[in-house]
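Following this line, the structures themselves.
Two complexes are shown next, each including subunit A; its partner changes from subunit B in the first to subunit C in the second.
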Partner chain A sequence: MIAGRGRQRIRPPRRGLHGDEIDFESTWDIIQAAFREIHTKNASRLSYEELYRHAYRIVLKKKGEDLYKKVKEFEKQWLSGEVRSSIQLLLSPNLLADAQSVGGTTANERRVAGEKFLKGLKQAWGDHQVCMSMLADVLMYMDRVYCQDHRVPSIYTTAMVLFRDEILHSRTSAKDSRPLLDLLSHVILEQIQMERDGDVIDKHLIKSCVHMLDGLHADDLESENQRLYNVSFEQDYLNTSRVFYRGEAESMLRESDAGEYCRRARKRIHEEEDRCRATLLESTTPKIQKVVEEELIQNRIKELVEMESGVRFMIDNDRLDELNLIYDLNARVDTKKSEVTRAIQKRIVELGTEVNNDAIAASQAAPPPAPAADGGDKPKGQAQEKSLNLQTAAAIKWVEDVLVLKDKFDKVWRDSFQSDNLLQTAMTRSFADFINSATFPRSSEYISLFIDENMKKGIKGKTETEIDIMLEKAIILLRYVQDKDLFERYYKKHLCRRLLMNKSISNEVEKQMISKMKMELGNNFTMKLEAMFKDMTVSEELTSGFKKHVEGLGDRDPHRIELAINVLTSMTWPMDTIGGPGDNDEDRRPKCNFPPAVEKIKRGFEKYYSEKHSGRQLTWLPNMGTADVKAVFPRVLQKDGSFKERRHELNVSTYAMVILLLFNELPAGQHITFEEIQAQTNIPHSDLVRNLQSLAVAPKTRILVKEPMSKEIRPTDMFFFNEGFRAGFIRIKVGVVSSGNKVESDRERRETEKKNDDSRSHVVEAAIVRIMKQRKELGHQHLVSETISQLNGKFKPEVSLIKKRIEKLIEREYLERVEGGEISSYRYLA
Partner chain B sequence: MSPSAFNSGDFSDFTISCGELTFKVHKMVLASCSEFFSACFRFPGKEADDSCINLPEDDPQMVRRMVIFFYHLDYDPTSEQLCNRLSKINHSNGPADLATTAHPRINWWLPGSGFKDAVQPCYYRFDCPCYCPLAEGERTDQPTAPPVNIPPAFSQAQTMIRSGAGVQMASPLTIHASMYALAEKYQSRCLMLRALKKFKDCVHDHWNTPDFIEAVVIGFSSTQSGNRGMRDAILDAFRICVRVDISKIPGMEERLENFDEPCFHLLKSWPIKV
Partner chain C sequence: MTKQKRTPEDEAEIRRRRAQSQKDKARNQQQKEEEIIHRLADRITRVIQRLPPSATKPSSLIVPVGCSSISSQALIMEARSKKFMHDIAQVFDDAKYSDAKIVIHGVVLPVHKSVICTQSEYFQKAFQSAFVEGDLGILTFNEGSGAAYWRVFEYLYTVRYSDHLPKDFVNDSPLLKDPRMYSLADMFFLDDLKALSALKLKEKLQLEHLWTSDSFPDCVREVYSCTPNSDRGMRSAVVEVARAHTYQLGQKAMFRGLVGEGGDFAVDFIFPEPLDVPDDPPHTDQTEW
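== the complex of A and B ==
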């Protein structure tokens, strides 16, 4: 039952049009006329509501498909008729002619013709878009209902495709069958080429056309990589750019120097970047950059670096800007920057080798050193001294030259290479290469000498910061040195001399140096050096302790000799340097006979020391000591006529003191011969010669008179006390020849290296045993590589040395070969 | 959007006219709800020039409801609570067609009735959305029918007393179905959804009326067949209320476009019930 039926009429909402039939053709005519008005920009009196309603009604009456087809047909006709002909009007003969051949027209004419064409096309495209969006608004109901339900593209999309087909793909003219699209690409490329050549072009206009190409697709699937821009334009653009830049690179290499090339290349790269932003699309940026980089950099960088005005020239002339440019270019195409790196490395090694050669040349400018340094040939002594001094100077100059070189390249690295890590590594390697070069074995010694020189003289009057910089420099060089053990050997030797002879200006600075080395090279390295300092402190305490001890013994002896003593631990101090019982001194030094007074105090100290430390044996090293002697010269007539007693305090070596004391017992005017002195004192021959030279030959300290007077000392020479000695000062220092730290002679060096090699053998053996103890069994290759890596901080052992040491260890039954293994390996024998 | 903006037309920048009614509206409000209006304002034609549009072929009352919806996201008839809100609107003296019957509403919150926690069958809700705000002072002759079809369990429930602010609308289903079609024409998705929801909400109370027959015809003839919203709602109503599955009767759905009273009776007595 339907409630209320028949009681009262109710009014439902009006049904609208649903029942009315419509006439499709006449409705379409209305719509078509309106569309024509829209296309001719005459839409202002059209009623949107009316047009929408007509289209709505057609679609509602299920005539959507007919409407769609009609609209499409209408657009097609419009484009192929009105629009196409208006564009063809823009194609001036100029433009068409140069599409085939460039000749006959000027660049400016072509540019104007091109711009006219682009403007017309841009206008047509813009109009088409505006009109179609208006049509799409009118046909919204069709788009929403018919197109969506039947899965056909919206009318707007369809119309855009029509533009592509009817305009861009149409023939240029009746005679010319190439599509308009090709002409468009060509014109754009030509305009860009004009800009590259320096003309001003309408970037905005081109960008509009590019946007049109980007908005259209080559196929109807609208896939992303099928945009007309990519398909028909971009590839052409990249190809023509490649050709252009290839040619430009060639002419630039021919015409300009490397710095100019870099500047122009960089400018081109930035230009292309800007072009993509302002004229084309940013998506092209990486592609065109790749092209430019390949043509201007990648294919040319080797040539560029090696040009006469290339990297070498830039380094030598401090062209930091240009180096930065070339670095930047190289970095664009090669993350390793290998070309620039190679050039830099080459130059470092070249310059370093020059420094090395200079040092060698400087050290060889002097006559070659005598074959025997502590032999007996006196005449060569002075010359040899001189040459050694020259060599020392050469050593210091070498260090300073290397530091200058280092500073130079550091600056280049910082300012031009943006502190690039890879380059730093490469440069460090190159420095290490020439510093450790096989043809230049002296770097360790030179660096140690440099420090020695500074410790003794260089740091005088310098501020703390300056000293710190100096120390830091030494450390920097030390970092490059491969054979740290050799350096340690030299440093110990030089330090030993400085400590024992009180040559260091500042103990503080010495300690700073040690702590810097500790940070750089580790505890192991400085352990022995620190022990040397400790010995010095302990010795001071011993000396004062002994002094108190002697004072406590009873009556004060007016002739008491004061003793200052340094007790050196034989393991830490380089005994061969200080003349102690060295490893290869098969002839143990004969003990020097001290005068009774000295002998007494010596005994006294030995007793005192053995009470404090039982079981330790003291070996006296008189060759390292000094003595202060108070000497009284009797009243004799002087050359200047004065006649009085003179007292002098003589600071002499221990040996000289022993010699001088011999003359105490000698009646005035008597003499002793060389042989007698030697027999009585038992001083080693070479030391005796040196001491007598300084006492009797050196002009200012001639305390003894020698007969016959000559520079050389012969066994038959006689010596008198020089009663007429006279000097301007009370305190006189009698120097002993050759006591400072100097460059070693070749013979000494060979010895040092031999010693070093010997100690290396031990170190290598120790390392092998350590490794094997832990691993028990290990293949040969592994053992070798582990040994090398363990010793890396100290030096780089030769594989042959390691092999030899393994053999020795097998002989001594620390190891045995494992039989039957595929690879040769060893087993540790406990 | 406050009622006053709509009532006073302050700062309005566009006029809609339809039959005897005109509405002063704000482009911003309309463009945000309807793509038709958005395109219309964009289109450089007569309407944009004159800031005025005429909708000559639509029912003025429906256009009125649509415009009210653009401002308030609801239109009459509606449920009682929303009615208060809409009653503040000056709705252009639209005559409310009065319902000849009132259907029962159950006062389920009555103390002790025990319905509070019970699940309510949806067609026994008190706020049936066919209520229409009434202009003040307007007299209505609201016939009151006795409650019908109340299941015995609910016999104690009271018929709700209507306040004087509104009257019950005669043909809510026709209005909602027409509104759905209108919303589709003017491409307003939110209005389509709203109309559909309102239709579903009150179809249970009104299915057994000529209003329903009218709504079926409108629902099936005023949109393209691809638009399933209203069509599915009507098929659901047949299934739940008439307990007939239209889709099981070959060719029946196509016939609904020309649905009429004999058809309705035929379906009601269809032997195969869901």
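== the complex of A and C ==
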């Protein structure tokens, strides 16, 4: 005790050190009275200093424990008496009845009753907190000295626990033994359910009660996972929510379409998020989110995606926002988005297969060559011709359809799938799947044809950007193509024709395309294509060089023939396409007998060439060439009545030129038979037939007259020079049937594929040898997979092909089997 | 500092100079005091950190060469904190900016909540709670030594408490002054004041040999009645001195009477605790003799 004023008040001995017992009771009475005032909200006249001093003294007198117990007892009395009864007054009979069996009362009545109860509880809790913090302030010295020294919880904490025990754990009523806490959970759950059903509830009120539950612990250790909120409410909430959403998912699937389902599911998810924020605790957000996602998405996503109005419907009807919704939902439960991905992939392959089938159908829809029906007035060749044109159109349509499809899905990907990388990969795979589908082997050819068509016609009059877009499109498709080697083969073939026949509109664009492919597929891929361009340039130089050379020879021959020549490297150019001696059909094509004048200049060039490049052999390909021939037709009666000699410049194929020159030596009115022509020129039968068709059958270029007059060329036919030939123009181009780039016929394709497979064998062998040379020894599986990965950029080799090539290499003693190993493996033989 | 102007010297100037010289004197006095305070502060920190005196060389104050900006920053900060302390001390017992009142045995002391509530949770609660103090902004102390209460507030503003008697309170005797400061510091949760007052008492007893005073037994009684059992700061100070001079004290009837009273002091006197026990030892059974 602090002594009073000055030294006068020195206490007598034998007092003071022990503190006086009598003081405690009276002091406690003062304190207790004050606490009562505080609890009845009447504290403003109380002196803090005085109360604090009383409590301080008690503690100083070592009566801290007694004080603590007294306060605790006091609070217990207060709670179990005043507070508990006031709360029990709030429990209206129907609230209690509802707690056991729902029914009887309306939702609104229940809501009001529930709110009344919650309000009362909130009020009691709030009061208790306020009062206890005031008490704790007054008892601060006790908390600091007694509670800390004796390791007992602060009075405030103890009082909060008392609230739990005396109020929340108390029986609901004399008849109802369930604790108030259960009723509280039930009421809150009911209120939340009302809100889910569209009612407006007092969120703030519930939040207050939730805070109370969060502030109290189920045990006395105050461990984090033992909060009343988590122990007695949260799990209930999650369970009832699960039941609710399971039911809702079912009814929504029944009643609404997929888009509507997504919208409502998303709304529910957001609602729950908001509910945790506004009504419950944010710590519940991930848990309830999981429940909702499991019930509304995870367990239903498959059904949802496959609904009639599901992903397929959304794609077909461009429901981009709904696709975005379903993507978003899927992404919530599955980082891989596998259901949506699967549906998208399926749809791509379906639509792609449709495009494939359309292309096949279109190419087959061409009138089948039916000689019986129209053989009489249409040559069979033309029917075929028409069918080929249709096929080309189908090819171009196919490319464009695929591009449209690609655009469509790109848009979906961008707008609905948030440019998701995983989905992009999946979609790319699906495009590759149908483009490389085993049932549709034409994609390489079609893409090449598409480029061919554009190079010849499509880009006419287009701006640079438009052309660039077109080229880019082709590249996009090319990316999907697995068998790049096959594409290369077709591209080479088509490019070759474009170059040799001057069909390309712009050399510049051709080169642009090559450089794009170079960027996309690498140097190796374009090397040979570039070599073709180089050959063309070299040939131009050769032509002009030869011209100069001839001029330098001296006397100028007025009948000298001008020669324009293309010298093609046989390894670079597709010889089979241009009719040169291929590997297999060497010398199949007989040499054509040129007229002497032509023969002379041919020899002249050969000499010139061999002087420049010794050791090279030139093979002439007359079937690819053209010739400009000046023809003089005798005077015949013109329309205006005059007789006039007519001069025409005929642009004909080399073969046609050779044929026509035969008639120079023929007296007027004489004829030559087909067999004679063949014997003299040595032109291959089919070529001869086609050339004669254009010269003697095609009405506009009928320079020869055939006897008998028919569309078919027969070996016995006789040919005359048509002296009465008329034409509107000076320059006449005599076309030869079948010279453009067309879709291959099935037979041609089989050939192409066979050739491709042959060259693949070499490539595979080369790869195997490369790998083995480096590794020396390697297991079978490893070798196969490494070979596949090496060739990935070119094509996907069949495993059987690799096996076969390994066998061959063993036969040829490049490799040997390693004996006695557990797994079969090979060794490289140097 | 007042500026000296080169104006004709008139009486006002003279007055000013006189005032100045007085101020200077006061400042010298203050500087002396400050030196003492600094020494004290050093010891206080030592007590608080419970370090042996030899280990308190401020090794952490060594500033690396070439970091002059850091050291000058430190200087500025130091000057600033001195200035700040000075400024706060200026408003002690000053109604300016005051937002509450303390009444000690009828003497009104204007205070600043921002100064006292930040230092002690007691004042914080007293003025915050819904009690009459919070309502009126007046905190009244009518019990105990008024001088001690006054000195607590002096300490809160000036970091020291003086020996001279403030206002017209009855002064505490030298040996009761510090125990009462200690007791109030304990009640108001001012740990540094506790350390300071305990140190002061120790110095008085040991250096000034006040243990020989007749009021020493009363001092012991005061110490034991106004601190809780677990609080050893003051108790060990008196026990230490008493044990160091057992023989001389034993000659004194007053002291024998004190021991004869029994109680906690007698126990501590006979069974002293080891010197380096922590301030708050783990709970031991309260011995009621």
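The criterion applied here is as follows: the second predicted complex is superposed on the first by the 788 of 830 C-alpha atoms of A that agree within 3 Å, B and C clash if a C-alpha of one lies under 4 Å from a C-alpha of the other, contacts with A are read in each partner's own complex, and residues count from 1 in each chain.
In this section, a contact is a pair of C-beta atoms (placed from the backbone, for glycine too) under 8 Å apart; a residue touches a chain by one contact, two chains touch by 3 or more.
The shown structure was predicted, so the numbers you read here are calculated from the model rather than taken from an experiment.
Q: Of the partners subunit B and subunit C, which touch A:R151 in the superposed model: first, second, both, neither?
A: second
Q: Look at A:Y56 in the shared chain and tell me whether it touches subunit B only, subunit C only, both, or neither; answer first, second, both or neither.
A: both
Q: Taking the superposition as given, does A:Y48 touch the first partner, subunit B, the second, subunit C, both, or neither?
A: Touch partners of A:Y48: subunit B and subunit C.
Q: I'd like to check the shared interface: which positions of subunit A are touched by both subunit B and subunit C across the two complexes?
A: Shared contact residues on subunit A: 1-5, 7, 10-11, 13-14, 16-18, 43-49, 51-53, 56, 59-60, 62, 134, 137-138, 140-141, 144-145, 148-149.
Q: Given the complex with subunit B, which residues does subunit A contribute to the contact?
A: 1-5, 7-8, 10-18, 43-49, 51-53, 56, 59-60, 62, 64, 134, 137-138, 140-141, 144-146, 148-149
Q: Okay, in this complex, where on subunit B does subunit A touch?
A: Contacts found on subunit B: 35-36, 39-40, 42-49, 53-55, 57-59, 61-62, 97, 99-101, 145, 170-171, 174-175, 178, 181, 185, 187, 208-211, 214, 218, 221-224, 226-227, 261.
Q: Could you pull out which subunit C residues touch subunit A in their complex?
A: Residues 105, 121-122, 125-126, 128-135, 139-141, 143-146, 148, 170-173, 176, 180, 183-184, 187, 189, 215, 218, 221-222, 224-231, 257-258, 261-265, 280, 283, 286, 288 of subunit C touch subunit A in their complex.
Q: Applying the document's contact rule, which stretches of subunit A touch subunit C when the two form their complex?
A: 1-7, 10-11, 13-14, 16-18, 43-49, 51-53, 56, 59-60, 62, 134, 137-138, 140-141, 144-145, 148-151
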